[in-house]
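What follows is a pair of complexes built around chain A, which joins chain B in one and chain C in the other.
So, the complex of A and B:
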């Protein structure tokens, strides 16, 4: 017959040894990759600026109309970026100006005359997501007569 | 039954059997290899699109799963990660857990202490259980991109132990 002294102690030691012997680990690699992402969106597709002659001052050649109904939304995760603006019309009949108002990131470049050459619209937007209002000013001279220009306006996130 | 000294006898054949059984279990556990494994290999999550005025869209991966062994006591699984120079977000949560209770979603951050991932894995005689690993990668525009900052490489470690 086998004799086991301190049996409860032995049992406890064995149980503890068993319960702690099972701690094991395993690992793997998880790679997170983020592409260069730029996103631009104008809040509305069409803006109409109509100079009707209402409010025109007699003797003054310049007539203007203003629209501030749309906004620009953007997102970029690259550093050193700006937003430019251009029109598809190289020589529009009337003058159309645009400027950014109240950008949540970056600095407004100020009012520019739209042409087919890209002009700065917002500067130093950096890595950001933001919005600003777009203010268009249409100008016509009485001497230019009646007519219309249909601009396709393109905003671009570009390297600064 | 009594010993030759007259004390209650646990000690003879029965006691030897009990103790032997514990060591037998230890031997079985040791011989049966890893009690936790990750199936499906390594994972890559690529964030490629974003919304103007909002943020890049999160990406999810559910291609890997944990396989773990139940045993004669209640266990839990913890998770931790090592990712020096981490720039982007990564979370993980278990789903389709066949034994135990999934903990809430865990945010994986470099140098984090082990965090509960699956708890209350019940007693079971060396039967296997599984859980799907649901990884979600997140990034903000302000956090930048991999071309400028490099990818985040996480070594994610799962540990099973007594609870």
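So, the complex of A and C:
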């Protein structure tokens, strides 16, 4: 039978080293930084409104169409925020109004006429995620004739 | 030193929401939506009451109110009777609330379609329509349908 010299001694040293290592501790610092985050999404990127015969009443100059098929979703971890809305058309042929309906957070700013100037759409949405329906109302006068307006609507989270 | 990370449940929910929506990975603070508002050529007509009673025997007058809206160019309103009544009907317009050229009085004596209002262009308006039986007929005559049409001038 082969004998390993100093085996008991080696085992003893290893045991001491293991017990010493178990008693050690190491520290490090972990910093979690959360930047200001804002996110917006619309349920559909395209909306088509067409004024048809259903939106015309004989004797009235005003013709209307309403669309409430899309919704806006948002999230922000910063307080004091609002959502604004604007169009890329400075002088559209027809009147286009927009309104937030049933916001799960914040307050709807009410119906506004869209133009190239940003208007309030939702107020006090800070530190929340939420959703609301987008209600568009298109209006045309008989005197304005037939035609179309192609808008690019921009919703923006902005400081309140 | 022990590290302690505390994230509020609400913040967790927001962060989770961000991660679960692919479209918002870029953390956009603005979003665009394309909207097309289209207005077709539209014409509308209405008559009230729809069935004025004209006494054939005495040739008494009856009146209706004709209202219209059109966003088309160079439109007119024509009138016809179906089926053509042998007695004939005179239609007179009054109380026009719109500056359009109007034929003040037309007589429907056959199947022909006659111009009633023209110069109807991108407007809404109304007028009173008076009906008169030109020559009295016997009783039990079938009802006459007056057809108004918006058409191109």
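Note that the second predicted complex is superposed on the first by the 135 of 160 C-alpha atoms of A that agree within 3 Å, B and C clash if a C-alpha of one lies under 4 Å from a C-alpha of the other, contacts with A are read in each partner's own complex, and residues count from 1 in each chain.
Note that a contact is a pair of C-beta atoms (placed from the backbone, for glycine too) under 8 Å apart; a residue touches a chain by one contact, two chains touch by 3 or more.
Not measured: the values here are computed from a predicted model.
Contacts of A:33 after superposition: chain B is touched, whereas chain C is not reached. By the touch criterion defined above, A:150 reaches chain C but does not reach chain B.
Looking at the shared chain after the overlay, A:45 reaches chain C, while chain B stays out of its contact range. Applying the stated contact rule after C-alpha superposition, one finds that A:90 touches neither chain B nor chain C. By the touch criterion defined above, A:78 reaches chain B but does not reach chain C.
Comparing chain B with chain C, the partner in contact with more residues of chain A is C. Look at A:127: by the touch rule set out above, it reaches both chain B and chain C. Once the two complexes are overlaid on the shared chain, A:56 sits against chain C while remaining clear of chain B. The interface of chain A with chain B overlaps its interface with chain C at residues 27-30, 32, 34, 37, 39-41, 73, 75-77, 127-129.
Interface residues of chain C, counted against chain A in their complex, comprise 1-3, 5, 7, 10-11, 13-15, 17-18, 21, 23-24, 27-42, 44-46, 67-73, 122-126.
Those residues of chain A whose C-beta lies close enough to touch chain B in the complex are 1-5, 7, 10-11, 14-15, 17-37, 39-41, 73-79, 126-131.
Residue ranges on chain A touching chain C, taken from their complex, read 27-30, 32, 34, 37-42, 44-53, 55-61, 63, 65, 70, 72-73, 75-77, 92, 94, 96, 127-129, 134, 136, 138, 140-158.
The residues of chain B lying in touch with chain A in their complex are 3-5, 9-13, 15-16, 18-19, 22-23, 25-26, 29-30, 34-38, 41-56, 64, 71-73, 75, 81, 87-88, 90, 108, 135, 137, 139-148, 151-162.
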